[in-house]
Structure formats: structure tokens, C-alpha cells
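My structure is below; once you've seen it, I'll send some questions.
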Amino acid sequence: MNFFDKLMKIDRRIIFLFVAAAVILPFFLSIHQKILISPEVQGLYDAFESLPPGSKIMISYDYDPASAPELQPMAVTAMKYCFTKGLKVIILGLWPQGSIQANMAIESALEDPRVKEKNPQYGKDWVNLGYMSGNELVIQRMGTDIPVTFPRDYQGNPVEDLPLMQGIKNFSNVDFIFNLSAGYPGTQEWVQFAADRFHAKLGAGNTAVQAPGMYPYLRAGQLVGLLGGMKGASEFEKLTDFEGKGTKFMLSQSFAHAIIIIFIIIGNLAYFISRGVKKK
Amino acid sequence: MKKTKFIILIIPLILIFFNLSSPQEKPVPLPPTEVKAFDTPNDNGHSLSVTWKLSPDDGAGKNNVVAYEILRAESPKEEFEVRGMVPSGENLFDDKGSREKEDKNYLPSHKNYYYKIRAKADNIFSESEVSNPAFAYGQWYHTGKTPVLAGVIIFSIFALTFITLARKGKKLYIRPLPGIEAVDEAVGRATEMGKPILYVLGLGTAADIATIASFTILNRIAKITAEHRTTILVPCYDSVVMAAAQETVRAGYLEAGRPDIYKEENVFFVTSMQFAYVAGVNGLMLREKPATNFYLGKFYAESLLLAETGSIAGSIQISGTDEIAQIPFFIAATDYTLIGEELYAASAYLGKEPVLLGTLKAQDWGKAVVIICLILGALAASFHFQFFLNLFRVQL
Amino acid sequence: MRREIPLILTATVGIVYIISFFIPHRPFGSVETLFSDWILIIAAFAIWLGALNLLRVSADKIYRKKKDWFYALVTILSFFLIAIIGFFFSRGSHFQDVGTSFDYLYRNVYNPLSATMFAILAFFVASASYRAFRARSWEATLLLLAAFFVMLGRVPIGDMISGFLPENIRLSAVATFIMNIPQSAGQRAIMIGIGLGIISTALRLILGIERTYLGGD
Amino acid sequence: METFGLWIAALLTLGIMSFLYKDNPIYKFCESIFIGISAGYWFVSLFWQSMYPRLYLNIRGAISTLLHEGRISDDRWLYLVAGILGVMMLLRLVPKIGWISRWPLSFIVGSTAGLYFITYLQSNIMNQIRSTIIPIYVPGNLGISISNLIVFVGVFCGLVYFFFSREHKGAFGGAAKVGIWFLMITFGASFGFTVMSRMSLLIGRIDFLFGTWLGLIK
């Protein structure tokens, strides 16, 4: 066994060590990197921008803490943006932990001085309808009747008592739906049930894993825009001018990608050289 | 509700206040005409629709109409009640009622209603004539869903035809799938090594077709393991799935004629939370060191966590899922992968029962129809033949 | 009784579901909602089966003093800890509200465990790509190249190293092209295939051809 | 209390991470807690979120209509059927009549089959066909013509690859081969795209350990 054979069967733990270093080091470095905007993020931003103040937006938090590093920065930016622009937000979750994530996002959004200035109020500027089990069937039921599907908000207040919910009957009273999704139920179900069945205008923020699966919907116009993973989050932060964690984490991301690519190159070099040696 | 009405009233007033030319001098906008009420098509019979011809002042001149208000009454003489509002330029409104009697929004079937449309310009408005009477009734067929019905019929005909042909003993060829061919070898390896086989059904519930398809494969594999007297471990993510998996494995042992060596505790529940389940299964892999791991069903982010740990444990791994995002991980980290549709075909492959192969043939015919539609569609689209595209439009 | 009735039930329910899709009229229009509620209720009952199974397997390990019995005890204790807190000490049906003991356990125990298990994937992605991404064949090379371009194109570094090129052939543009055109096409083919596989399996279930889940006798 | 929770969270994080080195008692300990806690979590959630509102509240409502208004016709009685099916599921615990649990099982499977038959026919087949019907020749726009042609060829060959009842030989085999190429590009691209997400999670955890816990990162 020569050096390259050994390199091909390198102990996993050495790779692990390099990955850890690549992720941790950038936290302690300060490098600025340029962020370019991709069309699907622009599409989402344009859809948000086209809404006049006072428009009603539904944000569905369909993820749990496991996907929070990617989706939480998007959620926070979206909340900050809506609050400063005077858009009214109706929150719900198809994942049990979704509405908790929503509250956390609002908490951090409220710390921003620009949001503080607007002083958004619960019930008037946003409501949290909480979690409802039933996956895509919840979406379907909302298509015919939102107050029947969610008779109470997460604190147990009847929805009739919430000023923001006045006049909200079904998706036709909601100007835009933004879905933050980490799997099932998520964007696919929102497309199939809200966009396809009830013609709601829909945009989404997805984990980077899920995002490629959504391109067909994006191309077919069933989705107006898409944020994919941390890069999507950082682009959205740049467009909305709310620089946050998405931008900060992006540097670690770049390093980590670089380290994986270097490993793939080393692996292939080792493979070809050791094969060449054997042929001789 | 009162508040909204108040705001609707107050905004134009404020506008007027700042407008120097008094709008009272403006003539009233011309009313909309040709108001027609009719039953909303394709619903359960608790909704009416109204259309009208736009007011001549809509979108032109100084008497610009800003919105239309839709009013309804039970008879032309009664007082009309506002049912909704649409912005100018629109001429259709669906007056959706509730089907619950207790609901204040209740709209009964088979009861006549009359409509009026109000064209609003700032704070002044004009009203149309009263519409014809119309009543709501439920439909027994949703016309917008015809393309889906056609699909159901076409596919069912294919399936039934080939099932019948297969029953009559017509030989059907199927091409080899490497992942399936490897099953016997993989079970044999476990027998030689005297180690168990691990079968993971994934994160699906019994309400996922992928999981149900995986049951059939599990049944075949359980039968082979029973014949070889090899242990099969099935950690489950969902309680209902566990119940069904127990039945499935038991059936496999029965078919192999070895119900005596079936152990129910080998098909067990772990937990219904994704990563806790992974933690448990990973621990199992590192401690039991199974010779072969099967991952067939619904998989999400845990796919690679399982597959890499299995590779650390030195197992042969066969995987398959219909979650497109996870297929690459399985391809990278396991020895054989069933891609998407192949997972659904696998049960037919393993069973070799003619009827199952018949439905496989129907799937192929389905694909042929899709391909033909794509070719015709591409030609139609190139020559701007919109009609063809509309064939696939489903209204809901 | 044991096999016939379940098979008839599957077929009937399946056909009712399909028919109700096309009929807006009562009572078909509301079948879907009702049935889905029923399934959720059945699942809520079934969790008892799962929980009892877990407890029985763990208790068995402790009772027989099998290897690792101590860990089985930890599992049982954690189960009862959260179950008791969730049922009796966390504001009833508002058990998930911020500030309940249930929420405390969720945030400080469940959440970090879950997130860390998920984060371990990052290391596994690296080791799996090192092992699997070798240009052994033409197909493997395509896989490798597509991954390579998309990986680089999705981070700003990609544009930094390809910045000298015209904008529409920079790495991020190449990545977008791969995602939008060939990736999208491949996805669609797989999706249509899966669709056919699913409807064919569904039909097999309704026709009673596929029925292993009902067991043997 | 919050600091205590933070320390527990941090130690559990490190415990699970230790798995990367090798299986060890600390990992086993964390794993056992994890399984117990999560199973209990699910147990509690399903009760409060399904059993309580959907079964208990509906039946209670139906009973109260019966008692107060003397009306027996109430759709909510239908939920009793679900309750019975649920109890049938539990009868698995009784070996002699365990087979009765097949009834609720076949109910679930039947409705799954019905629902997905329709849903996938519509969304995965009809809609995907519809969005693949694109002009292959767009006059005056070579770029779009070419990319549309690639999409068309990709879908076509990809579908050919999935044919089970024909040998991959000749022109058919050639198309299937091109189909595999498209599938490989698809998988490679999704993998590359996913790497990002996985790294993000690790970044999130590192942010927690070094930032929230140790306070080294602002």
C-alpha cells in the first residue's frame, strides 16, 4: 500500500477535524465578501415590494429548531421587513414547533431600532394562530374557511376578537403567502393545495436541501420566489437592508464548501495516481 | 366589522377634505348594467355568483369608479345587505355562504336571492337594477376536474388490461434492477456472517404510499430471512407502521413455513421524532453490527446519517426512496439505490407475481402516454396552439 | 372476517375518496376532511401501542440485566419525566406555551439534542463526498461535476475566483443554469415516474393485490 | 434556571458530537435521554393536539346538543366512529382478538390510496406535463430555444430510463443512457446544493457553543 492508497482510505475522523476547523475559524476572522442576488430571491423580494402597506400576509412556519440556522434568519428578516413596511402578518405553523419559532423570530425582530420605531402590536400588526395538526389538510380547510380551521390564536383568544383577522375568510382575503419550510408538510403542500387549488400567491423560504425540488414549481409560476438556504437568507438580508445572521454565517459556509471541494480534488488525484501506479 | 365600514367611509371623507374641487359637484357615476346572478358552478350548493357589465365610468374620465359593492336580498323589495366589495375593473363576485345552519353566514340551497351592484366613486355611488332571482344548488360533478378523471380512467384501463393479461399467463418481460438482484446476495451474506439484517422503513407513516410499498418488500425479505434463519430487525418510527410491520414480517415467516421462529420483539417502536429515531438506529447499528441494512421508504435528512453510520459499521446497504432530495445521499453512501419509481416497482420485482407485474406494465404505458403528450405539446406550443395546453388544466 | 372485511374496507374507502374528489355535492364534499380527522384520532390511539412497546422492550432489558440495561432505565425515566410534566404541570392543552416546564425541557434538552444530531450531517457530507465523488465512470463524472459547480456557485467564493469571466458564464450563473435546466428536467422525469408509481401502488391497494400489511392468517 | 438549562443544552450537544469519534458511554447516555424525551413529547402532543380537540371536544359537543336541545342529529357523532377505530387499534394488545386492529389499518391505507391516487395524478403528472409543454423553437431567441430543447430532451430520456418492461438496447437504450446522464446531473446538483444546508446547521451549533454558551462570538 503506497501513500495514495492510504490517502484514499483516510480515516474519516481526519476529514471531520478539517471540517470543524473550516467552520470554526471564520467566526474569529473578519473578511467581507460580496453577495450577488439570484433571480429567485429577487422574485420574492419584488413580490413583497409590490404589496401596499396594510396588505395581509400569511407566514407559515413549517420547521423546527433543527432547521432554524437556515430558516430563522429568513424569518427574522421577513418579520422586520413586514413590520417596518406596515404589512400585517398572520402566523401559523403546520409543524408543532413552528409557532414557537415564530415567537422567537418576532422577539429578535422587535429588537431592531427601525422596528421599535413602528411599535407593532399583537392582534393589530400580527397574530399567531399557532399550530394545527393535519398537515396539508389544514391548508385545504383554510382554503374554504380560515376562522373555522383556526378558531383561536395560540393564546386561546377567539379569532373574531383580533382586529387583524376581521374580514379574513379564506385565501382570497390574504394578499400573499410566505412559507418557511424544512420538509413535509411544507412548500410542496402549499403549492399543491393553496396555489394550485385556491390560486393563492405564494413565495417560500426553504432549506438548501429542499430548494432544488422547488425549481419546477418556480419555473411553472406556482411559486413567485424562493430563498434557498443561508445564501438565500443573506441575499434577502441584503435586498431588504436588514443585515443579520445570514450574512454573518455566510463566511463559514464559504470556507466549509472550499474544504469539501479540496477533499474531493485530493480524493480524485489519489484515485487516478494510485490507479496509474497499479497499471504500471 | 363596524370598524372597517367606518374606515371605508372616513377615508373618502378625508380625501374630499383635501380636494379643492368639491366632489359633490361631480355627477354620480353611471351604474353597472346587465347584472346576472347564477349558481356558482362546481360547488356544494351554498354559494351564488354575480356578474355585471362594468359601469361606463370604470377606468375612464373623472367619475372614476373605485369599487363595486355587491348587495343581496331575499326579495327585490326588501332591504339589500352588503355581501362584499371588489375593486374596479372586476365584474365577477362569488358570494360564498356557509353550509352550517348555525353560522350567521348560512346560505341555504334552493332558495331565491336577488342582487344589486353599487358602483362607488369616492363617497358617491349609483346602484344597478335588481338582478334576476337565482338559487344555489350543489353539483354532482366538478367539470373543472375532467382532465384528472380522464387520467384516472386511462390509467385504470391500462392496469386492468394488463392484470387480466398477466392472469391469463402472458409472459411479461422486466429489465433487471441491480438493487433488487443484490437482495439475495445481501441476505446470504448476513447468514454466512451470523449477523442480523436491519430493515428501516423510514420516516413515513401508514398514510404514505412509499411506506406501504416498503411493507411489500419487507414481506419478501422477511420470507427470505426466515428461510435462512437470519434475524431481521425492524426499528419503527410510527406506531401504526409498527403494527403493520409486525403483521408483514409475521406473514413473511408464515409463507416461509417458519412461524415458530418469528419474534415480535424484533419489530419495535423507537420514537416518532426524526433525529431521536436516528440516534437510536445509529446506536443499534454500531452495537449490533448488522451485515446488511435496507433503507426503503420515506427518508428525509436522516438518510445520510443512517447510511454513513452503516458504512462505518461495515454493512452492505441497499436503499430506495421517492424523496428526490435524498436520493443523491443514498447514491453516494450506499451500495445500491432504487431511484423514485423503482421503489414502487421493487415489490413487483421481488414477488414476481404476474398481477403485480401487470401493473408495472401499466405504469410503462402511462409513461408512453406522457411522452406522447410531451411531444405533441412541444409541437403545439411551438406553433402557438394553446388548446392542447388547456387539456391539462385542472380547476379546483 | 380477518382478511375479507379489511380488504373490502380498503377498497370502499379508497373509491369513496376518489369519487368524492369529483363530486362537490353533499356529503361527498366534506369526506376528505372527516376521514383525515379520523386518521389523526386513530394515530393518537396508536401512540399507546408505540409507547408501551418502547417501555416493554426497555423494561425487559432492565429485568434481565442485559448489557446496557442502565441506558434502558434512563430512557424510561426520561419518558415519564416529560409525559408527567406535559400532562399535569404544563397548563393542559397550552403545554407548548413559552414558559411552561414542558417548553423548558423542549428548549434545553430536546432541542439541542435534535439540532446536534442534525448538525453531524455536515461532517458526514464531507466524508461521504470524499468517498463517493470519484470520477470512476462517465456517469460518476457527471455527478461529480454537477456537484462541484453547484457547490462553488452557491457561495460568494465561486464568483470571486471566476470574477474575470463575463457575468453569464461565472460560476454562480453556471450553477443557476444547472439547477434550472438539466436539474429541473431530471427532477421532472423523476416526479412523473414517482407519480405513476404512486398511482399504480394506490390502485394495487384498492384492488387488494397488494395486501401484505394485513398479515398472513 | 436559564443558565442551568444552557449548560445542560451545551453538555448534551457535546455528548452527541462525541459520536463522531466513536460510540461511547456518554453518547449512549444522551441517546437514551433523547429517545425517552422524544417519545414522551410525541405522546403528550398527540393527546393534547388530536385526541383532546378532535375526539373529546367533538363528542362532548354532540352530547351537550343532545342533552340541551334534545337533538341527536349532529355531524359530530361521526367522530365516535374514529374513537371506535382507535380502540380497535389498541386491541392489538389482546393477542386473541389482535386481528381486529387490521380494520383501522385498512381504513388508513384505503384513504391514503384514494387521496394519493388523485393528488399525484394531478400534481406530479398533470402539472408537470403542463409545465413541460414549452415551445422548442422560439423565433429570434436562440438561448431560450436551446434551454427548452434541453429540458424537453431531459424529461423525455429520463422517462425512457424508467421503463421497466423494455430492454435498454438500441435507440431505446441510447435514450435511456442519456436519461441516466440527466439523472446524474440532477443528483449531483442536489447534492451540491444540500452541502450548503448541512454546513448551515453545523454553523448554527457552533454559534450556539461559542456564542450563546461560551460568549466568545458576538
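When the chains are written out, they are named A, B, C and D in that same order, and each has its own residue count from 1.
What we mean here is this: contacts are C-beta pairs under 8 Å (C-beta built on N, C-alpha and C of every residue); 3 or more make two chains touch, one makes a residue touch a chain.
Everything numeric here is computed off the predicted structure, so don't read it as measured data.
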Chain pair, C-D or B-D, that carries the greater number of C-beta contacts: C-D
Farthest chain relative to subunit A (centres taken as mean CA coordinates): B
Centre distance in Å when subunit C and subunit D are each reduced to the mean of their C-alpha atoms: 3
Geometric centre distance via CA averages, subunit D-subunit B, whole Å: 13
Approximate Å spacing (C-alpha centroids) for the pair subunit A, subunit D: 17
Of all residues in subunit D, the ones touching two or more other chains: 16, 19-20, 28, 30-31, 34-35, 37-39, 41-42, 45, 49-50, 89, 92, 102, 105, 108-109, 111-113, 116-118, 121-123, 125, 127-132, 152, 155, 159, 162, 183, 186-191, 193-196, 198-199, 201-202, 204-205
Where subunit B touches two or more other chains at once, by residue number: 148, 152, 155, 206-207, 209, 212, 240, 243-244, 247, 269-276, 279, 287, 301, 324-325, 327-329, 331-332, 339-341, 345, 360, 363, 366-367, 370, 394
Contacts with two or more other chains, residues of subunit C listed in rising order: 18, 21, 32, 36-37, 39-40, 42-43, 46-51, 54, 68, 96, 106, 110-111, 113-115, 117-118, 120-125, 127, 129, 131, 133, 143-144, 147-148, 151, 154-155, 179-180, 183-184, 187-188, 190-194, 196, 198-199, 201-203, 205, 213-215, 217
Category of the chain touch graph - line, ring, star, complete, other: complete
Contact footprint of subunit C on subunit A as seen in their complex: 10, 12, 15-16, 18-20, 23, 33-36, 38-39, 64-68, 96-97, 99-100, 103, 131, 133-134, 137, 140-141, 154-156, 208, 212-213, 215-216, 219, 229, 231, 250, 253-254, 256-261, 263-264, 266-268, 271-272
Of subunit C, residues touching subunit A in the complex: 32-33, 36-37, 40, 94, 96-98, 103, 106, 111, 114-115, 117-118, 122-123, 125-127, 129-131, 133-136, 144, 147-148, 151-152, 154-157, 159-160, 172, 176, 179-180, 183-184, 187-188, 191
Subunit B contact footprint on subunit A (complex, rising order): 12, 66, 145, 163, 166-167, 169-170, 183-184, 196-198, 209-210, 212-213
For the subunit B and subunit D complex, residues of the former touching the latter: 147-148, 151-152, 155, 172-175, 206-209, 212, 240, 243-244, 247, 269-273, 275-277, 279-280, 282-283, 286-287, 324-325, 327-329, 331-332, 339-342, 345, 360-361, 363-364, 366-367, 370-371, 373-375, 377-378, 380-382, 384, 388-389, 392-394
Subunit C to subunit D touching residues, read off their complex: 2-3, 5-7, 9-18, 21, 32, 34-52, 54, 68, 71-72, 74-83, 86-87, 92-93, 95-96, 102, 104-125, 129, 138-140, 142-151, 154-155, 175, 177-196, 198-199, 201-203, 205-206, 213-215, 217
